[in-house]
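Two complexes, one shared chain (subunit A), two partners (subunit B, subunit C).
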Partner chain A sequence: MFFRILQKESVSDLIKGLAQTREVIGPRAKGSEFVFDVIENPDDIVLDYTTTLLPPKKYFLKSKEEMMRYNSKTGQVSEDEVAVEPRVLFGVHPCDINSLLLLDKVFLGDYVDPYYKARRENTLIVGVSCMPTQMCMCNAFGTGEVHDGFDLFLTDLGDSYYVTCQTAEGANLIDKYCETRAVEPADVDALQARIKKFNEAFVPAPDTSEIPLLFDAKYDDPMWEEIGDPCLACGACSMVCPTCYCFNVRDVQDADGVSGTRVREWDSCCFSDFAEVVGGHNFRPKRSDRVKYRFYHKQWGYLSRYGEVLCVGCGRCNTACKVNINPRRVLEALTKGGEE
Partner chain B sequence: MAHKKVVFLSLASDFGCQVQVTNFPELLEMLGSIDLSYWQLATSAHMPEDYDVAVIEGAVTTQEHIELLEKVRGIAECVIVVGACACTGGVVGLALNHDLEEAARTVYGKDASKVAWGHIAPRPVDAVIPTDFKVMGCPINPEEFSYILQRAVQGLTDHPHRETLCSECKINENLCFYKQQKVCLGLVTAAGCNSNCVNRGRACTGCRGLAEDANLEAAREFAAKFSLENELLEAIEVYNTARKEA
Partner chain C sequence: MAVNSSEVFRSLGVNPYRPWPARITSITKLTEKEKLFEIRLIDEEVRNAFTFESGQFVELSIFGVGEAPISISSAPSKQGFIELCVRETGTVTGALHKKQCGDIVGLRGPFGRGFPFDDMKGHDILLVAGGLGIAPLKSLINHIHDERHEFGKVTILLGARTPNEILFRRQFDMWKHREDFNLYMTVDHADETWDGDEGLVTQLFDRIEVNPDNTYGAICGPPIMYKFVFQEMRKKDLDVEKIFVSLERKMKCGMGLCGHCGVGHQYACIDGPVFSYWEAMNLQEAM
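== the complex of A and B ==
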């Protein structure tokens, strides 16, 4: 790992250089919001964006994808070939980089998902620092900083970026396509000032101590009805979540009635048919059951399996939910009580 | 195996959903996988007495419709209802907000009873007979119709979207209309259209009907925060009045 200083006006050189051999994806404006999209003109990228409507997950676990084609007459099935063009995600926030590391544990663990793997291997990540908004909660989970999962990381120092070159490929690309200079003591000073400013900008984090223990202790607490009953069953929280990875698989028969496509699509545990099984039994018939389950899995289920919490505090669900169901509220309700 | 015999008939509607199917580029492929025995829009022949699948468009508005549906249900092993009129009563159901006799006179004049008789309160098909599949929307999406028709022909069961449309809107990264102080029915309407209207800059008018999972009470409270509660309830009426009555 080594470090460089990149002047902001040189960023477009880097983007143009990367675009010679790969598709460049970055944050750009959509109305008053931002989305990750193809960057054809480097002027379109907005690196000081707040957050994006959907996280970068959409480039690895697509909202809808063809898994294979089949022919029910001949019994033939197409191989699961995943054609992926080389790509770079440019301008990814620390929370979102950390979310990809959490998805890796699921899709590159015991059962490797070939679709996810092909896209992950063909995608470079260039991270960029951010400033917390009112919705952000990465300070509760330590996901506001990254130590892994990127090729280059740009920390904003005002007129320049402090560049962390994490991988050889990232380092080679930055040397090849743009001018940088060595880090000087004044840059380190600016970096430290930036870190302080970042930390001071947060809304204080909720208490996360003993959350799994409290989850079990308050499993039947009325807090769940209070929080979960208004759920609109829209699944917006899951769709915008960088770490929700549940999907549904169905076969879509062609109009000829013979061939068809096996399709995988994003699903949500807040939908009433998510936990319904053959015969019609539903393991989570109530809205509040489903909302509780969602947080239980995020804060305890995944933790028990992988040793980490499945939330990076990006704040997207907080913005997307129309009825104020969000992790901050859940954690505050869980830790409420016990005063002398 | 012989192809399933399919009939396509209409009750009170503008035939828009049948027209949609004729616009489907894969129509000929579809016709290769079924035996289309009767198609009200495209043939002057009489409906046969024997078929496997009945596809029904339109709302129930006359006593004759009820008799026809009872007969169809006795013959068809599978009934597919298509379009908002058949699935929820649709805009036809708005007549329920008026006196029916007076409504007929408004449309047909003082001699209404000579040209329009036997009217009953509009209702969706499943208020009269049990149905097996629903293709929602106004008009229907022919691709979705093909998907559901294939499921029916294969003997599978219906698996309607119970969740609300906001899910698909989020996937499509649309901006929420409520932030612009505008009513959108996506928060209570059944998903499945890939937020087609909102993707084109128009708020959802709810043509797929209320979602099974819809939470009306919470939606009202949400709309009230923007002082849009009455507008929300009024907008819901358009496609759901007959559903509510039935």
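== the complex of A and C ==
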């Protein structure tokens, strides 16, 4: 790993250079919000954005995708190579980079998902530092900083970026396409000042100690009805979540009645039929059952398998939920009580 | 755990979502609602790589309709084909029931954790099945049959709603006379063809003797049955770590990815579907 200083006015050189050989995707304004989109003009990218409506998940686990073509008479299945043009995701916040590392554990684990893998391998990641909003709670999960999962990371020092070159490819690209200079002691001082400013800007984090234990201890607590009953089962929390990965698979038959396409789409454990088996038995018939399960899996189920919590505190669900169901509220309810 | 074909395909780098073409080679009507399908993978290499354990399941594709998880009913000792005992209930199982011998379906798998067959060797065995719960247990029963000398006393308790709904009735009628299997059958509602027991499967426990220090139990049936059968097994002092249950959930992908079969903090498709009773007691939503 090595470090360089990149003047902000040189960022467009870097983007133009990257665009010569790959598609550049980054945050740009859409109305009063921000979205990840293809950046045709380097001036369109907004690197001091708050958060995007949808997380970068959509570039790896598509909201809807064709998995394979089948012929129902012969049973033959054809898979197209998952064609992904080389691309760079430019301007990804630490929480979102961490979310991709959590998805990697699922889709590049014992069973490798070839669709996810192809897209991951063809995508460079350039991270950028952020300042917390009122919704952010990465301070609860330690996901406001990144140690892995990017090629370059740009920490905002005002007029310049402190660039962390994580991979050789990232280092080569910055060398090739833009002017940088060596780090000086004053830059390290500015970096430290920036880290302090970042940490001080947070709304205090909820207590996360012993969450799995408290989840089981309060599994039948009335708090779940109170929080979960109003759930609209709209699934917006899962759609905007950078770490929700559940999907549904279905066949779409062609008009000839013989061939067709097997497709998969994002799903949500808050949808009413998510855990319903044939014969009509639903293992989570109530809204509150499903809301509880969603948090139980994120805070304990995933943790028990992979050793980390499946939430990066990005705050998107907090904004998306129309009935105020969010991780901060759940954690505060779980840790409430026990006062002497 | 034994290496099974999922691992073989994984090591070959084959897309784990890809179903393999398979042919229905025999269909036996078992009851009004259930049929037994014998299915043979068409590709020889794939067929030879396909090995499994009792208690595991496959994802069966009816192209144009979708996939459904179905437990394997035949014994791992029989190779070259699998048998699936399927009730006509959902869209995929409904479409399967309309298929003819010779028709093509798709198969992926096998998936999940089966019964601990090797650990069970050298012990007495107590198997309890209710209704369609016999489907996964049938594989274990036949596997034990094929390696009968490896086991002590084998007791099978079978329950069904009516005599007409007893699955594999012909085989079990014949087994009633065998000395190497203690088979007890009961129905909730008898009719004129039935001269056996009438009542719940739990009543059969009064008739059996169990050596608690040396017995493995396995239970499979409708969810309501587990708790009551478990209580009977505990009355006989069976070890909770030596009682196994198979949990039904919506296992869509079979690989711990799609999220549909979550049960408490685990996934039925990769952590189960067979769990020890101790494990199941420690899983929220399991019982």
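Going forward, the second predicted complex is superposed on the first by the 338 of 340 C-alpha atoms of A that agree within 3 Å, B and C clash if a C-alpha of one lies under 4 Å from a C-alpha of the other, contacts with A are read in each partner's own complex, and residues count from 1 in each chain.
Definition applied: a residue touches a chain if its C-beta (ideal position, glycine included) is under 8 Å from a C-beta of that chain, and two chains touch if they have at least 3 such contacts.
Every value quoted in this text rests on a predicted model; they were computed, and no experiment measured them.
Colleague: May I ask you to name which of subunit B and subunit C touches more residues of subunit A?
Modeller: Subunit A has more residues touched by C than by the other partner.
Colleague: Applying the document's definition of touch, where does A:Q253 land relative to subunit B and subunit C: first, second, both, or neither?
Modeller: After superposing on A, A:Q253 lies in contact with both subunit B and subunit C.
Colleague: Going by the contact rule set out at the top, does A:F271 touch subunit B (first), subunit C (second), both, or neither?
Modeller: After superposition on chain A, A:F271 lies in contact with subunit B alone.
Colleague: Looking at A:T133, would you say it contacts subunit B, subunit C, both, or neither? Reply first, second, both or neither.
Modeller: A:T133 sits against neither subunit B nor subunit C.
Colleague: Identify the partner contact of A:L54: answer first if only subunit B is touched, second if only subunit C is, both if each is, neither if none is.
Modeller: In the superposed model, A:L54 contacts subunit B only, not subunit C.
Colleague: Return first, second, both or neither, reflecting whether A:S10 touches subunit B, subunit C, both chains, or no partner chain.
Modeller: neither
Colleague: Let me test your reading of the model: by the given contact rule, A:T335 touches which partner, first (subunit B), second (subunit C), both or neither?
Modeller: A:T335: touches no partner chain.
Colleague: After lining up the shared chain so the two structures overlap, which partner does A:T167 touch, if you call subunit B first and subunit C second: first, second, both or neither?
Modeller: neither
Colleague: Have a look at where A:N122 lands relative to subunit B and subunit C in the superposition and call it first, second, both or neither.
Modeller: In the superposition, A:N122 touches no partner, neither subunit B nor subunit C.
Colleague: Residue overlap on subunit A between the subunit B contact set and the subunit C contact set?
Modeller: Comparing the two interfaces on subunit A, one with subunit B and one with subunit C, the shared residues are 253, 257.
Colleague: Can you check the complex and tell me which residues of subunit B touch subunit A?
Modeller: Interface residues on the subunit B side: 24, 26-27, 29-30, 32-34, 146-147, 150-151, 153-154, 159, 162-167, 169-171, 173, 175, 178-179, 186-188, 211-215, 217-219, 221-222.
Colleague: Within the complex, which stretch of subunit A touches subunit B?
Modeller: It is residues 30-33, 35, 53-54, 63-64, 229-236, 238-240, 252-258, 266, 268, 270-273, 287, 320, 322-323 of subunit A that touch subunit B.
Colleague: Would you mind writing out the residues of subunit A in touch with subunit C in their complex?
Modeller: Result: residues 67-68, 70-77, 79, 106-107, 109-114, 212, 216, 219, 245-251, 253, 257, 260, 262, 267, 269, 274-279, 281, 283-284, 293, 296-297, 300-301, 303-305 of subunit A touch subunit C.
Colleague: What does subunit C use to touch subunit A in their complex?
Modeller: 6, 10, 13, 15-22, 42, 61-68, 89-90, 92-93, 104-106, 223, 248-250, 252-253, 255-260, 262-266, 270, 284-285
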